[in-house]
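The two complexes that follow have chain A in common; it is paired with chain B in the first and with chain C in the second.
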Partner chain A sequence: MMRIGFRLALAYRSNIVMTCVTLVAQVFLLRMIWTSVYGARPAAAGLTLDALLAYLTLANLQSFATHTVVSRTIHERIRSGTVFFDLARPPGYLRQMAAFQVGNTFGGLLLLAPVVPVVLLVGSITAPVNGPGYVVTLVLGYVIAVQLALLISLIGFWTMEIGAISLLYRLVSQFFAGTMVPLAFFPGFLGVLAGALPFQYLGYVPAAIYVGHITDVAGPIMVELAWIAGLWGLLALTWSRAHRRVVIQGG
Partner chain B sequence: MAELARSLRLYVLLQRASARSAMQYRLNSVIGVLSGAVWQGAGFAFIWVVMHTFPSLAGWGLAEIAFLYGLRLTAHALAMIPMMSVHDIQWVVRNGEFDRFLLRPLNPLVQLMGNRVGLGQVGDLLVGVTLLAVAGGNVPVDWDAWLVAYCVVAVAGGALIEAAFFLGLSSLSLRMVDTTALRVFVDDVFSRFGSYPMKVFGGVTEWLLTFVLPVAFVAYVPSSVVLGKLDASWALAAPLLGVVLIAVAYLVWRRQLDHYQSAGH
Partner chain C sequence: MIRAEGLTKVFRRPRTFPGPLGALRTLVTRQYVEKTAVDGVSFTIDEGEVIGYLGLNGAGKSTTIKMLTGILTPTSGTVRVGGLVPWRDRSANARNVGVVFGQRSQLWWDLPLIESLRLVGSLYDVPAARFETSLKKLRDLLGLDDFLDTPVRQLSLGQRMRGDLAAAVLYEPPLLYLDEPTVGLDVLAKDAVREFIVEVNRTGRTTVILTTHDLADVEALCKRIILIDRGKVLFDGAIDALVDQPRRLVVLLEPEPEEVRGVRRDAEGRYVFDIRGDLPGMIAAISAEHTIRDLSIEEPDLESVIKGIYSR
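Coming up: the complex of A and B.
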């Protein structure tokens, strides 16, 4: 399954090239806008402009690298009825799909690698303040991202149609991950909401640890582990109900 | 002239038929409109959050940026509602469906435009017009009938500029040159950079976005004129450019059409 996901990522090369162009344009736009609003200010919300630009570059790279396709794949397979073959295989369904996503991410990373220097040049990067903390929180954040994607796709077993839900999910998760604006800038209620949601671990938390905006690493790691455990339970529960409702279309 | 009126009437008929077929999947249609609106709403939420901390972006306040954003979005929606189905041209040519368009007694471009209805763009239009109306009330401008009329002309001009690029690039598909990726890229540049004051980008980028890909003329130049940031002599530059570009794009389309060879079915 991992290998399938990996190959699939490589098969749609032109797609990835377009994505990379978009990524570079996005990072450039953010850099220009933030440089412009900072003007002569040395720092805002505890972030210097240099740290902020490094943060934005990283957060956008992360968001592209950890982008999940598993929902779309599951959706297509439910619609065409080919989900039957996935269910017929001996390994558990969720495990297969998770493996597929991980392989796909590796494939994506391989294609993203040559673009990274360009992105860093267009954006900006500083030396990591806390490298190991960054890697650990990012990997755990990725696990949460895959779990959430799986959870969203399981809805398809009830509704048969998740196109709109997954689009909405992508928008909401990207916004609350702080890919374009660090959570530190979110005003009032929006900030509280973003702090309570798990999406911050997909972008804000690792990148903020990297640039030294968040110094406490143990706290976020504990919360991430708790989210992972909680989502694990929720996934198992949802799946045990979902697989009893499987409808094989055209079967 | 009579020919044009006839084409327009038939276009409306075709679009109505496409809309009817889209409404067969009512929920999907509603979701299509909504997701367009949510997408654009999220784009504006970014600006709103940033400007909560920083009151000015290159000398523009929140209301002014909102006005610029609304103008760009409305122009974009008006360009893409008819152009959306031209996006399919690659497939229409490959399936040989385009051959049928050539046999019918109506301009093939009009048939192509009427092929599908752009529902996501209706969502864009809703958000764009709402932003324009709300921001228009909050910017320090003395509105009179002339200025409102100018806004309408400016939106039309901006729509023509975007539509011209889209049509020109799409027409290359008639000769089997796939420009889908390029089209997506150009559209992306218009959307991404068009909603901000060009001064933000500065230097080479500002120049490129003004004179190479005239993103600046879609909304930045007209809104600067309306908001009194740019001399009124620039007012008609954008609509005029729109008319010139769409005429050129149509000529390109005609030329490519002359070279059309069927996919062979």
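Coming up: the complex of A and C.
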């Protein structure tokens, strides 16, 4: 299944050109805006301009690299009834879908790789303050992202229609991941909310560790592991209810 | 191999309401519309049999197959497939079963056929060596070589169906569910599918449940049929017994007598005699009393027999 995800990512490589253009443009625009916002100020909320720009470049790169397509795939397969075949396989459904997503991410990374230098050039990057911490929190964050995507997909077994929900989820998750604005700038209540939600691990936390804005790494890793365990349980529970409701369309 | 008892599936959907606020009401309603798709179906199927599972559109055939694969849970009743309860031992049952739905494909649309076959190999833990021999055999049997590396979306329906058949038997399951595997195929492609089914059944003792609207499939492949109508079993037994009726002599007479003793008239007003023994003698006897304008001899066939059962 991983291989299928990988091959599909490559099969749709014409998309990637648009994706790369979008990514480069987004990083470029963010750089312009934030440079002008900072003006002559040396730092805000503990972030220097250089650190902020490196943060934004990374966070956007991450967000594109870890983008999950699995919800859309699942949704299409529920609607067309081909989900039948996924369910008829010996391995568990969620395992297959997770493998699909991981393969797809690898495929996406392969296609994204040539553009990375361009993005780093257009944005700006500094040497990592804590490289290993960055990688570990990012990988765990990715696991959380896949789990959340699967959880959203399962709604499709109830409603058949998850287009609007997916869109909402994408907006919310991107916003609270801090892809456009680092969470350090979120005021009061919003900051508390962002800190309580898991989306920060998809963007803000790893990138902030990279630029040295967050220095405690053990804490976030523990919380990430707790989220993974919790989401694991929630997924298992949701799936056991969803799959009792399965009706296969058409026949 | 398969034993079903009182198998029943009732679909329950929230009632839909008309009008602009209908969708909203549908979302919160506690009223349901119920539809009994399969209604107390029982049958036993032995190893190595090829069963024609027949019925009109909407009779409940596909729903039965979905329950046999363990993907739908029946509302009531039980099934054992090779000793397993499909929806409880879903994963173990999956290894015993290959499925083809003519109306939809298990192949990945945007990838070359071989990728989907590899996926099946890995999901069913087929060891590499066995995968290669199995694939080799199927390439010969189904002529896959021409399009193994073509993306599935570029395949013709017949090629796609052959790909789907290959995917269903790649791991050599002892049981095959084929839901309309010849739908939309031309005469040659249909023959290829039939020959394949015969071959798989013969060499692997594979048990096959076949759903189709083409009775020629059934005549070519099945010794026994199960006929269902509105979810209920209408007939279950050997085809031979079903069509074991005398040939018929059908004549058009002039002038048309009101009634000929012991003879039916069909919808076109022709007279239908059962042929017993001496045919020339029969014809001579009829022409002695009437003028025969046209004459034909009809073999009893599955289609007319099945139409007869439905109209009862």
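Here, the second predicted complex is superposed on the first by the 251 of 251 C-alpha atoms of A that agree within 3 Å, B and C clash if a C-alpha of one lies under 4 Å from a C-alpha of the other, contacts with A are read in each partner's own complex, and residues count from 1 in each chain.
As a convention for this text, a contact is a pair of C-beta atoms (placed from the backbone, for glycine too) under 8 Å apart; a residue touches a chain by one contact, two chains touch by 3 or more.
All values derive from a computational prediction rather than experimental measurement.
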item	value
Touched partner set for A:Leu8, first chain B, second chain C, both or neither	second
Contacts of A:Leu121 with chain B and chain C, given as first, second, both or neither	neither
Touched partner set for A:Gln96, first chain B, second chain C, both or neither	second
Which of chain B and chain C A:Ala88 touches, first, second, both or neither	second
Contacts of A:Ser80 with chain B and chain C, given as first, second, both or neither	second
Partner chain(s) touched by A:Leu193 [first = chain B, second = chain C, both, neither]	neither
Residue numbers on chain A that touch chain C, as the complex places them	1, 3-4, 7-8, 11-12, 80-82, 84-85, 87-92, 96, 244, 246-248, 250-251
Residues of chain B that touch chain A when the two form their complex	28, 31, 34-35, 38-39, 42, 45-46, 49-54, 56-58, 181, 184-185, 188-189, 192-193, 196, 199-202, 205
Of all residues in chain A, those that touch chain B in their complex	14, 17-18, 21-22, 25-26, 28-29, 32-34, 36-38, 44-45, 161, 163-164, 167-168, 171, 174-175, 180-181, 185-187, 190
Residue ranges of chain C touching chain A (in the complex, touch as defined)	11, 61-63, 66, 69-73, 90-92, 94-95, 97, 99, 101, 103-106, 108, 110-111, 115-116, 118-119, 122-125, 151, 179
